[in-house]
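Just below sit the structures, each encoded as structure tokens.
Both complexes below contain subunit A, partnered by subunit B and then by subunit C.
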Partner chain A sequence: MRRALRVELRRGTAPLAAAAMFGAGVWMLAVHPDDWGGRWAGLANYLRVSLLILCALMIAAGAWQSGRERRRDIDELIASTPRPGWQPVVVAWLAVTLAGAVGLLGAFAGAAVLVARVATYTGGGWWWTLTVGVLALAAAAAVGVLVGRLVPLRVAAPIAGLATYLGLAIVIYWDGNPAAWLSPVYGGWAVYSLVPDRVTALQAAWLVALTVLLLAAAARQRRAALLAGGLAVTAAVPIITGPGTYRLPADPAAVELVCTSSGPQVCLSRINAFLIDDVTEVVQPILARLDGIPGAPRRAADQAAQPAGQSLESDDGTVWLSLDYQSTALGGLVSRKSLRADFRQVTRARCEDPSGTRRIDQRVYRTDTLATDWMLDEAATPDNVPLARLRSLPEPAQRTWFAAYLDAAHRCDTSALIRLGEQL
Partner chain B sequence: MTTVSVDGLRVSYGKRVVFDDLDLELGVGVHGLLGPNGAGKTTLMRVLATALHPDRGDIRLLGHHIGDPSALRQARRQLGYLPQAFGFYPRFTVREFVEYFAWLKEMPPARIPLAVDRAIERVGLLERADDRMKHLSGGMLRRAGIAQAIVNDPRLLLLDEPTAGLDPEQRVQFRALLRELGLDAVVLVSTHLVEDVVAACTRVNLVDGGRLVFTGLPDELMAAGGDGDSGDSPIERGYTAVLRGARTVPR
Partner chain C sequence: MTNRLLTLHLRSRGAFTFLVGVGVIALLAWAAGTWLASRPYFDGPAARVPVVALAPLLAALLLGPTLAGADEDLEHSTPLPWRAWRAGHLLVAAVVTAVALILAGLRAPDTYGAHALVRNALGCIGLVAGGAVLLGARLAWLPAFVYVCAVYAAAPRQTSVVVAAWAWPVQPSTITPSWLTAATIFAVGAAGYVHGGSRASAGRRARSTGGP
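So, the complex of A and B:
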């Protein structure tokens, strides 16, 4: 078997599959480094996101490989040999699977080197996420092998790949439906979420049984196909009838806070702690500016660690920072601007009229904007006269104005907010 | 000693019956299979290669009844087959291609490297063993096909048009190889080239219209022809005479 596998790895579809998977992997990683930078769980989750494209490629590769006998008019010659038909099928599938997985893991290994340099949290069971992803590649190659055996057309491979892409894309929109777990493509959970072990184990069992079922069907091994089909159903039923992909619990160790020890407090969850220096550099000057102003936040913390059910606007003296997509491939901060924008939660008037709808008076909006610009120490433009006037006041007067703003906003006193804007 | 026995063979493609109640027995030696286009030569080859299931008939290959799956597997291990339409994997080298078929023929792994080299050498392709199949000429491809057929030292070798594409020198070498193989194996060679039969075959079978119309020695076939029969050589005259005689006999 090793001899045939070696030949298939060198001369079959395998080298092409490896190159395609490597290229697609690099491309996917380059498109959204903010999804995976600095976080092992992010990298593993992103591999699962990439499966939308990669499974389609694997199916096309499997179909091309297994349609080869028919394309090359060699099936009759092979039929006259004694080796059981399932063995060449398995060797062809294994070659494509190994090559595809090596190509993909090669691409992701490069990203892993970058992650390893800065990652501050290694737990969270991300390796199981990765394992299920690799099993999904094997299952995809098996789908391709079956398609290649059943459909005697050269276009079977590209059409099967395209159909897979569309099918998996549709399943993504089932987000929340437990049946979405049957798809290996990542369901959009946060990097600090914990997928229950039971679900991961069932997903792995489902994919393994599905792979065996497809290969047995391709090799016309009816008994093995029935057995694997039974196992696949046994694994799928508890998945479909189980909890959906929403509201996964947070990994307590991943969201454990790591805080600065000097200056206004900035706390990041352990999984995002590699960003703490960059974040502190942006956030502490703002907190320092607000220090001592009644009603102003005293600290900034990672939104990943926010207690479940608490809204961003809760008045607990904390500004919650959204860091899910804030890492570059090298582990730096993606956007200082969007991090500063998280402070807008402090200066957003949340007033509802008696009908229950949120209708913002333009004059209130202008006052909010003025307060935000002052808080973030934005540069005054020539047409922003109110900000220039506010800045021209003595420092204590500026702080008094901002305290009055926070008080009015907290009470939702629209007339006071309008008055504060108009007095400048 | 009979090592291939076919009794009451019936093969049809849909409504078209190719063979009906054909009997055939082959012993060790090189057997030529002659016949006009559409006579059923390739169909018979495919049945004996176990690539085509007959509608009916009792077939024993090398003492194995091929209706029994385990006996079929045993027979296939000792079978070599070169189909008329020889497909190949263009990216494989000659050595890899022959090696792959050695694996398909369930040869013991330890024996494969030597057997592969020997088979390639016997067909005169050793210098091109590491060339990819897609870089070979038509004649070389045919020889690579013969190499895969003989890699397992088959006791039953079925060659369908093996000399197509070979130049005269290669055909002479191939005939020598056939004679060597026929010393201890059953070799059945389907061909249109009657001079190959004279040069290399110990016996001749002639099929026409799904019937075996002649079986005997090449000399007997040559003797069947007369001066009035068409053909440029005694064997061609014998061939046309037997066919003409068979076609006058009502079925």
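So, the complex of A and C:
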């Protein structure tokens, strides 16, 4: 059997599967490095997000491999050999699974080297997330093997792949339904979310039982299929009846704050702490500019660590920075501009009515823009006369104007806001 | 005579399966598109991107096996204008696919509707025809499957002319470069297929060249 496996690995669909999975892995990693850069949990989660595509590819590969005997017209010949019927099925499945997993893990190992250079948080059970991802690949290959055995169509492989893809994509939209946990594909939630250990363990058991069930069905081993089917149901029931995928709790160790020791305080959660130097460089000058102005924030902190349910605009002297998609593959900052834009929450006029809609006068909006430009020290365009006038005032007067603006904006005092804009 | 030949040709290429398949795909595309467009949490007709990307791909995949007969070498030895037959086969299939998909996307045709479906049908059929030339009808599905899946999975967030050209399956139908790319792919794939036909399967090639 080992020799048969070796032959399959060299001559079957396996090399193609490995190449396809490697290519797909590299491609997925290259398109959204902001989802995984610098974070182990992000990398493992991203593998699970990518399973949407990778499972489809594995199913196509499995179906192609196990349909070969029929395409070559040698299925009867093989059936006449004195070997147990399940052996070729298992060998075909094992070859595709091993090759696909190696191809994919090869691609992710490259990303892991990039992550390992900078990562500041290693916990969060990401190792188990990854393991269940590999089990999902094995289950997908088993689906493919079964389809290849049952469906005599030449295009069975791609159609099975696309059907899986659609099925898994629909499941993602079942946000909150616990049955969505039966799909190994993650819905792209925040990297610091903690998937309960119970769910991970049950998912592993479910995927293993499903794999055995599918292989037993493909090899027509009725007793093994019944046993594995029973196990699969046993694992699936607690998943379906458990809590859903909605609002996962944050990993407390991942969102623990790491703060700068000098200058205005900048605090990032541990999982994003590798960005702290880049963030400090952008944020500290703005905080220094606001230092001592009544009503202005005194520190900036990672939004990941914000207490659950708190609004961004609560006046707690903190600017909350959104860093979930701010890491490049090499661990640098993606966009200084959007980090600066997070400071708009400071100057935003709090004029929402209870339903959350925001109706705002154009003149108020202009004053808002002026205050934001002043705060961020934006370069003035020649036709931006009010900003130039504000800058030409003595420094204390500028700060007084800004303090008056903050006071009016936080109270949504429209007439004061218009007056502040027009006095320049 | 030609009538009889035509019937035989269609039967030998599995045209009936293809027609039924395209009909089913068009129905599914219509149902999925209507469902997606009517969800309050999506952005109306523009939520039909998955349908626009995948329905033409599925139809083109079904076209793959019809691009070659049971024995290409034997067919080539018959005194028929095969280039004309191949051209007719591909064009009729493209028109059938396009018409079926147009019917599925008539509602708001310019925001991920009929227009984009036609463009993607052209591109996917071109990829499948090219795949048949290079890999044989058996594996003709591979390039289209891999390419469209990869683009759909990883459509970039930014849009530029270059992105619009290579990510044509997920572009809105108002973007000209996406049409140019899809049309070019169709032209090249169709020209290759009409000129050379599907590559003969490996076993036959080996036998005809005296290999093992």
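We take it that the second predicted complex is superposed on the first by the 418 of 424 C-alpha atoms of A that agree within 3 Å, B and C clash if a C-alpha of one lies under 4 Å from a C-alpha of the other, contacts with A are read in each partner's own complex, and residues count from 1 in each chain.
By our rule, a residue touches a chain if its C-beta (ideal position, glycine included) is under 8 Å from a C-beta of that chain, and two chains touch if they have at least 3 such contacts.
Since the structure is predicted, the reported quantities are computational estimates derived from the model, not experimental observations.
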Task = Scan A:Glu76 for contacts with subunit B and subunit C and give back first, second, both or neither.
result = first
Message = Once chain A of both complexes is superposed, is A:Tyr365 in touch with subunit B (first), subunit C (second), both, or neither?
response = neither
Which of subunit B and subunit C A:Trp128 touches, first, second, both or neither = neither
Message = Looking at A:Leu52, would you say it contacts subunit B, subunit C, both, or neither? Reply first, second, both or neither.
response = second
Key: Interface residues of subunit A shared between complexes with subunit B and subunit C   = 72
Request  = Please give the residue numbers of subunit C that touch subunit A in the complex, ascending.
outcome  = 50, 54, 57-58, 61-62, 64-65, 137-138, 141-142, 145-146, 149-150, 153-154, 156, 203
Ask   = Which bits of subunit A are touching subunit B when the two form their complex?
value = 1, 3-4, 7, 10-12, 68-69, 72-83, 88
Key: Complex contacts: residues of subunit A adjacent to subunit C   = 20, 24, 27-28, 30-32, 50, 52-53, 56-57, 60, 71-72, 153-155, 157-159, 161-162, 165-166, 169
Query = Can you list the residues on subunit B that touch subunit A in the complex?
reply = 46, 49-51, 72-74, 76-77, 79, 81, 83, 85-93, 96, 99-101, 103-106, 109, 112, 148
